[in-house]
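Shared chain: chain A. Partners: chain B in the first complex, chain C in the second.
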Partner chain A sequence: MNLISGTDITADALSAQKTRLDIVAQNIANAQTTRTPSGGPYQRQIVSFETELLKQTGGSSLETVRVSGITPDPTPGQQVYNPQHPDAGPDGMVTMPNVNLAYEMVDLITASRAYEANLSFAKDARTLAQKTLEIGK
Partner chain B sequence: MLPIGSINPGLTALPLSRPEALTGSPAAGTDGITSAPGSSNGFGTMLDGLVNLVDEKQAAEQVTTQKVLLGNTDQLHQSVIAMQEASVALSLMVQVRNKLVESYQELMRMSV
Partner chain C sequence: MGAIMIESIFPSDGDYQLARKLLDAAALRQNAIAANIANAETPGYHRVDVSSSFAAQLKATVENGGGLKTADSLQPSISEDTQARAVRPDGNNVEIEHELLAMNRNAVEYEYLTDVVSYNIKQLKMAIAGTVSS
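What follows is the complex of A and B.
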């Protein structure tokens, strides 16, 4: 039983946005990584969301959100001439990760704003529930 | 003079069934007023359910908070949301209790 309606959805949305924030952190952290277990430079990861029908005991059915997948960005990375680099090819070129810090900052800001929006819903739902309880006073 | 129990038989059981449900001990009724545990009187069962709900919410909140504190999960928001729910459930229970005491006192003040 759920006392405050909508909090399940908010919790899922917060989880989803948190995953997005984590992936942004991963992308920024690996912006200079030229070697990965699978070989080659790090590939930027993209998070996508999908809706999920939330089962409810009463009332209308609601749709929550979940992470549908984390997919790599296929864009080729930048080639940099750096013959001293251990991962440089025979021509002295190093393939850098395809992470663009400007994109990552935009993603970071949108993800954190989305997280905040969901947080303000959680806050509001609590206030409303408490106001409702004040009917009897 | 009419006994209160004859107006609503559930009323006499009320003040006793709640502390019993809180402590979980099978306390018998005192002062000649008998509470009827397990019987299907409306108010007592409803109140029992309410106390159980609050207890459930608080247990769930404890489990999630413990997980976060032990580092088993990083879902901090779930712990806080569970806390919120537990707090609202407790406020609801307190409100119901206030209303019950109020109506009980109203009945006691009634001159027949």
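What follows is the complex of A and C.
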């Protein structure tokens, strides 16, 4: 029996949005990183979501959400002329990461709003569960 | 056996049985809204809701005077919302504002229905005890 209905789904959604926030943080932190273990500048990472079928005993099926993958953005980074830079090529050009701060900020706001929406659902579900326990009182 | 004996003292029809059925639907709708909010940004996801056939069947049963108590087969189920508009190019038709409003509306409905059920149980208690319970 699941007294507080929908919490499994909300928990999955919260963790998915949290992963997205983590990746945004990683992208912003590495916005100027020109050297990575794999060589070359840092590549912006993108989080994508997919649905996952949640088994229900009641016969009706519901879909929860999960992170389907964290993939690098293939867009080439900006070339900046800076011959003093240790990672500059022979022509004095440095390839910067393809992180666009404007995109990251938009992603950050979207992810936190989605997180809040799911959280408000969790609060609501709790109120309803309390009401259920008050039946007959 | 005990359950059947207890069950037979409850009103077999009227608002108590109706509230029970609607409470089932409200609980299920809460689940559907959870799934919709969770998948608000999943490409290709279509919003789900309690299927409209449940309301139609419930209405028909009540209008025909059929006892709701015996209508165990009348259970709400979840299906894709065919009324929803396709709002985004990625095939997702969840509108987060719409879901939050539906959630609040459902909460009020749920609270009202629990009150109706409580009221009926209290009345029954009063009839059994012969005194007004605090």
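A few comments on the model shown:
Keep in mind that, in the parts below, the second predicted complex is superposed on the first by the 135 of 137 C-alpha atoms of A that agree within 3 Å, B and C clash if a C-alpha of one lies under 4 Å from a C-alpha of the other, contacts with A are read in each partner's own complex, and residues count from 1 in each chain.
Please note the rule applied: a contact is a pair of C-beta atoms (placed from the backbone, for glycine too) under 8 Å apart; a residue touches a chain by one contact, two chains touch by 3 or more.
Because the structure is predicted, anything quoted here is derived from the model rather than measured.
After superposition on chain A, the partners chain B and chain C are seen to fit next to each other with no clash. In the superposed model, A:10 makes contact with both chain B and chain C.
In the superposed pair of complexes, A:23 makes contact with neither chain B nor chain C. With the two structures brought together on chain A, the opening angle seen from the C-alpha centre of chain A toward chain B and chain C is 40°, to the nearest 10. Once chain A of one complex is fitted onto chain A of the other, the partner contacts of A:126 are limited to chain B, with no touch recorded for chain C. Of the two partner chains placed by the overlay, chain B and chain C both lie in contact with A:136.
The larger set of touched chain A residues comes from C, when the choice is between chain B and chain C. Judged by the touch definition given at the top, the superposed model places A:65 against chain C, while chain B stays out of reach. Aligning both complexes on chain A leaves chain B and chain C separated at their closest CA atoms by 6 Å.
The residues of chain A shared by its contacts with chain B and with chain C are 7, 10, 136.
Contact residues of chain A toward chain B in the complex are 1-4, 7, 10-11, 14-15, 18, 119, 122, 126, 129-130, 133, 136.
By the touch rule above, chain A contacts chain C in their complex via residues 5-7, 9-10, 12-13, 16, 48-51, 54, 58-65, 110, 113-114, 117-118, 120-121, 124-125, 127-128, 131-132, 134-137. Interface residues of chain B, counted against chain A in their complex, comprise 53, 57, 74-75, 77-78, 80-81, 84-85, 87-89, 91-92, 95, 98-99. Within the complex formed with chain A, the chain C residues making contact are 27-28, 30-35, 37-43, 45, 48, 75, 77-79, 96, 99-100, 103-104, 107, 110-111, 114, 117-118, 121-122, 125.
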